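After this come two complexes, each holding subunit A, first together with subunit B and then together with subunit C.
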Partner chain A sequence: MKLDFSPKDELFRQEIASWLASNLCGEFDVIRGRGGPGDQHMFIDERKAWEQKLYQGGWTCIGWPPEYGGRDASIEEQVIFNEEYARAQGPGRAGHIGETLVGPTLIAFGNQDQKDRYLPEILRGEAFWCQGYSEPGAGSDLANVKTGAQFDDATQQWFISGQKVWTSLARESDYCFVIARTDAKSVGHHGLGFFLVPIDQTGVTIRPIEQLTGTSEFNEVFFDDAQCSVEDIVGEPGDGWKVAMGLLGFERGISTLGQQMLFQNELDEIITLAKTNGSAKNPQIRQRIAEAHIGLRIMRFNSMRVLSSEGADGSLQKESMIYKLYWSSWHRNLGKLAMDVMGAESEVLKGGPYQLNRLQSMYLFSRADTIYGGTNQIQRNLIAERALGMPREPRG
Partner chain B sequence: MNFTYSEDQLTYRDTVAALLSCEVTADSIRARWTSAQGIDANLTQQLADMGLNALLVPESCGGLGLSELDFILLAQECGRVALPEPLVENAMAATAMLSEVASSDLAAANQCQDTLKQIATGNASVACGHWINPYVNMADTSHWLLLPHGDEVHLVSTQTVDLIAQRSSDPSRRISKVNWQPSRGTKIAGGQQGAELWRSALNRGALGVAAQLIGLAESILRRAVVFTTDREQFGRPVGANQAVKHLLADCAVSLEFAKPVIARAAYAVANSPTRADWAVSHAKVAASYAALLTVRHGMQVHGAMGYTWECDLQIWMKRCWAIDKTWGDVGFHKNRIHEWLLNPNALMGAEHTFDKSGSPSDESNSQQGAG
Partner chain C sequence: MDFKFTDEQIMIRDTADAFLAETSTSAAVRQVMDSELGYDPQLWRRICDEMYWQGIHIPEAYGGLGLGYVELTATLEQMGRYLCCSPFYASVCLAANALLVAGTELQKLTYLPQITEGKTATLAHTSEAGDWSSSGVKVTYQKQGDSYCLNGTYRFVPDGHSADILMLAARDQDSHGLEGISLFVVPANTPGISREWLPTMDQTRRQGQLQINNLILHEGTVMGSAGEAWPQLEQILDLGRIAVAAEQLGGSQQCLDSTLAYISERVQFGRSIASYQSVKHKCADMMVKVEAARSAVYYAACVGDQFFNQTAGASELAEAASITKAYSSDSFFHNAGVGIQLHGGVGITAEYDIQLYFKRAKSTETFLGASDYHRERLAILLLDTQVTL
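Entry: the complex of A and B
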């Protein structure tokens, strides 16, 4: 147990802080504090350019091993990076999915050729990714995917057909990783493949989904004989579920730290507003602000605990299963707190046609936190069945 | 002691519910979002023809002379269809306020009687710009506005004020700030009488919101049941899972438990209005809790569909979120309850639950409450 940062860590903190101070300015001023939840589709070109800027400074993919261009940053350094990035109001990372999901997945499951082709462009902030998991009939029941992949011997191509849904940032991405059925007769976890599919082709059609917020971060993605080269299946046909679940494990790891710093910024904004508009005098509001602060600290300490004892292969322990349930419920409550602090003003929009301020947008977006990425109900099942070892709920 | 409604009350409710369910649909509400005024003029006239605008107006002024207990049943139905027309706010708060002046010894009584007669026939309407609400809903569709100047009550023609339109997060609501100048000619009450009028208007307004919230939430619950019965995952309806059905069971329990609280509050407002603060605040808190829980769980069981603009659920959810903060938010009402409970003169104990006096510690209960 060692709960403080070393002098070397503090040097690292100074390095990133001063780099951000001298680089997140000028043309990048407009994206400070932008691109967070509910705002992910905004300023996308500027945020992509920012990724390249980060790369030039050596600040993309810092947790990756050096052979793939990373710094092999320690947990402490990654904590510090995220803290300083949030403090500087760094924009939502356009390269987030590539850096934290695709990269680690390819490093763990991909072959050398795939690593050589995909990792450098993620590192350089030149290629952006989206996730093709959910389908209209496969939400909570993810293994029920119907999208099919057929191999054509003549062209040595996979042809993918089906529909994905709730795909964040599909229109802004270059590639989509897709789980699809390589064995048409298979059911459930079996007979699936994990594909790296280029978005810009005639077989792929994207239709935005308008959300409660009036904006469209999510999309429906239609695959109609979309082509995917024989080299772009990760693992063997039939390994798809294993790879897909491995990827979800990375989702609960390091990337939680950056999320918590976003939460901290939101809580700070709420506290500032409560002081300004007088609601901080209300004992109920004071109590709830204190509870929110406590909850955020709990998450932070738990993340650090889990990350400190992470397995060498990136595999997480049972403790990580509780994280989604906790943060999503906490954040949803934070949204409600924000609206109660705003009081009657919470109803009033900034402008037309449906222009929300940051807290209103956060409120609406956080209604979905307990749904996407595995609903709270699914999380509780996982905790009960996998972490506690209780009998499985009958399925099918 | 009898907590049931009479056959007449239920029949009238069913008649209104039948009209509303035919005339107000999700599609017609979405059509209002892009229309100029945001209301359906034909429906407004139909509701007036049924006497709804003047339900609380004395018969001598052309009204039905019914009570708040009758009205909360109808308000629930208005909530159930997410009625965008401001019927509940106008009839429960504004028109009832005019009725109080009309039945008083105030000099403006005659003027108010005349206005009420026009309201009863659907030829005029009045909205209330209560001090507790920064914005008035649908002010531009009302001929008259009741506005506060200190404790004074002013009856002002809408044509003489500046309405600064705001956009509401609930596209069904057309809210605006009112800029206006009080004058001697517009004043209809003041001093202690004025303060009492604002106080009872607040209670009626909050009661109207509470009743609407129950109707809105029951609609959400019904939609949630239908959706989770149809939607299949793991080869069976998602509603078959305990994790899902328990959420909805919790909503049903909290909604049902809120209903008698609202009835109790309506009874207090109708029979001992100066002592109704605690009962109304309890009703608003209970209804808000039940409704917001139902919104939360209702959306949750809709999965990602519930987060889309296309899904009609948002019509009901956004209304709940918006009106929850009107006529006193949950903090205001909880604080009014605290004040009453901690008052040294409070008559506590089981024997006072239905005490004739409605509640203890009446006079010392300040109008402003937690304001």
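Entry: the complex of A and C
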């Protein structure tokens, strides 16, 4: 067991760090540190242009196999990339969903034609994706989706109807991957399909939802006979659940290491503030800042452990199941700590009507961390049942 | 980066697990719990002769196995899990470390082979106030020509009443804070040292009190640099903190495991209590705390290795020790407390082992500085430097 990176890895670190230093500047100065959680809808054009810049440098999709344009970067290299990216205050990745969710899913479950059509434009930073899982009646109970897909033999098209909700970045995306019922009589996780749906069509209507931050990253997406070609179902009708769950499995440690550097930037900002406004003298605040530091360091070792012990087939140990619950709870506490360090100033905004500063926005938006991607309660159910082997929840 | 056990380390861990499952049973622990010595000398002999754990991280030149801190913590984790009662912690994780960090070559050659042969040893540095930092050393010495005369009282000394060899921290009688600290190594039967057992709430660990009365020590007993040994003392304590955190990790894991075993047998309202969501969620939280503690301990163990091979410095060691000790203490206490709650009435009985873990959690939390002490230590690092704007 060891923590050190190899000399080769350190060279890689220098390579990405110096590339970022000479490219994340000039026209891209405005997006440094922007576009993170709670700020994802901001500077969208600049951040899309930045994705293309990254592609030119060979820095998109580095973990993908070379045949799809990736570098087959080792876990260590991906860790380093994410660390350096966040250290350089790289903007929130507009291409994140395509690179980390859609790409691996298509590589694992898609056919050659789908890979040929979709992977290159994700790689080049030209196509952006959003996730159409949740519905008004299907939140934690995702298998309860009601959106339907009907196949029309004449046009060789699927027609999709129903409603998705909480769809992040739908307005900024070109495609949405949607789980919908291919068998209208089915229930639960049977009879579902996984569809790649173009957003820009008359059958798709997007309505932004205003969040507690006053901003609107997520949306309602209405499908009214939205068209999806026969070529754009991943797997067979009925395979939707398998593909949908496979996709969630790709949402694992590596990209979260970049997220940890964002957390580090936030904690550093809180520490600087505490030193400047005198709250660093408050013994309770001192304890809480130290606790936050401990929690974040351990978060890093959690992911390094998970990444180091990942099976050759990408399978994870049961220990990895604590990850989401751990970081979401940590970040939620950090939000409260930020406000307490700001003290009375925490209430006062940068300007009207509702201009939040970064920490205020983080405080409010961190309440979402324990909800999306499986709420804390759902995470606890999963840990108890799948990692500890305790009895399953009764179902209604 | 390869942040997982090697096959050899897994073997070391599993061997420890198998040996302790057989030798450190609940009955065996309870048998030695009331004794003044606090451990079974025959079990200690077997550990030293058959397992050779006492030599794990001691270099081969001094009769050890020459393995690293990772191997040591892997073994400690299992000892903590089985509440193994032995002089291992004091002898190896305090005393042998003290020799490795601060001993002269001659002292290492004299004492380390004694430890690898099964002699017991410990480190004494705390007094009445229970201040675990190096600046809290209260026992004083007065330089008299070529020798030192020590006076004062040590409390809370692990196996202090029974260890064969003692490492003593004392301060120049006119010094304050971190100044004037010296370390000495002496056989415990040296005149001027009287010792007694301090009965403790956690009966799986022993503490002793040492009365030091005009103890005269010659130059050859001085470890490290006389009067300037606080950095070495701090390093020894940090290594000890990582080691105790590893034991806490094992204890924390056992609280979860034994609770799971109990609740899956127990039925109320016609169903297993393990099927209630509030019970499941508590167990999930316990697992989070164990696994996070595990990540912290393994990281600190790697830093321990880096410290010994001089790729990490004292400040990295200190940070790792405080992070790990604070988190593991909280994890263990949380899991022991929740463990009692989920046991219901039987959790309050002497019969069930969960109470032993609850007591061990508290005693190890206090030992070498509780969590708030370590958080404050980190806060100094994080907050007490000027902002450069």
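We take it that the second predicted complex is superposed on the first by the 394 of 396 C-alpha atoms of A that agree within 3 Å, B and C clash if a C-alpha of one lies under 4 Å from a C-alpha of the other, contacts with A are read in each partner's own complex, and residues count from 1 in each chain.
Heads up, the rule we're going with is that a residue touches a chain if its C-beta (ideal position, glycine included) is under 8 Å from a C-beta of that chain, and two chains touch if they have at least 3 such contacts.
Keep in mind that what you see is a predicted model, and the values were worked out from it rather than measured.
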Overlay on subunit A: subunit C relative to subunit B, clash or fit: fit
Which of subunit B and subunit C A:Glu393 touches, first, second, both or neither: both
Which of subunit B and subunit C A:Ala368 touches, first, second, both or neither: first
Which superposed partner A:Ile294 touches (first subunit B, second subunit C, both, neither): second
First, second, both or neither for A:Glu76, with subunit B first and subunit C second: second
Which of subunit B and subunit C A:Gly352 touches, first, second, both or neither: first
First, second, both or neither for A:Leu248, with subunit B first and subunit C second: neither
Partner chain in contact with A:Asn381 - subunit B first, subunit C second, else both or neither: both
Least C-alpha distance (whole Å) that remains between subunit C and subunit B when both complexes are overlaid: 5
Touching both subunit B and subunit C, residues of subunit A: 377, 380-381, 393
Subunit A partner contacts - residues on subunit B that touch it in the complex: 133-135, 166-171, 173, 175, 232-236, 238, 241-244, 247, 292, 296, 299-300, 303-304, 306-310, 314, 317-318, 321-322, 325-326, 329-331, 334-335
Subunit A to subunit B touching residues, read off their complex: 134, 137-141, 144, 165-166, 209-212, 214, 218, 279, 282, 284-285, 332, 336, 339-340, 343-349, 351-352, 354-356, 360, 367-368, 370-372, 375-377, 380-381, 393, 395-396
Complex contact set, residues of subunit A against subunit C: 1-6, 9, 76, 79, 271-272, 274-276, 280, 283, 286-287, 289-291, 293-294, 297-298, 301-302, 304-305, 307-309, 319, 322, 325-326, 377, 379-381, 383-385, 387-388, 390-391, 393
Residues of subunit C defined as touching subunit A within the complex: 1-6, 9, 70, 260, 264, 272, 274-275, 277, 280-281, 283-285, 287-288, 291-292, 294-296, 298-299, 301-303, 305-306, 311, 323, 326-327, 372, 374-379, 382-387
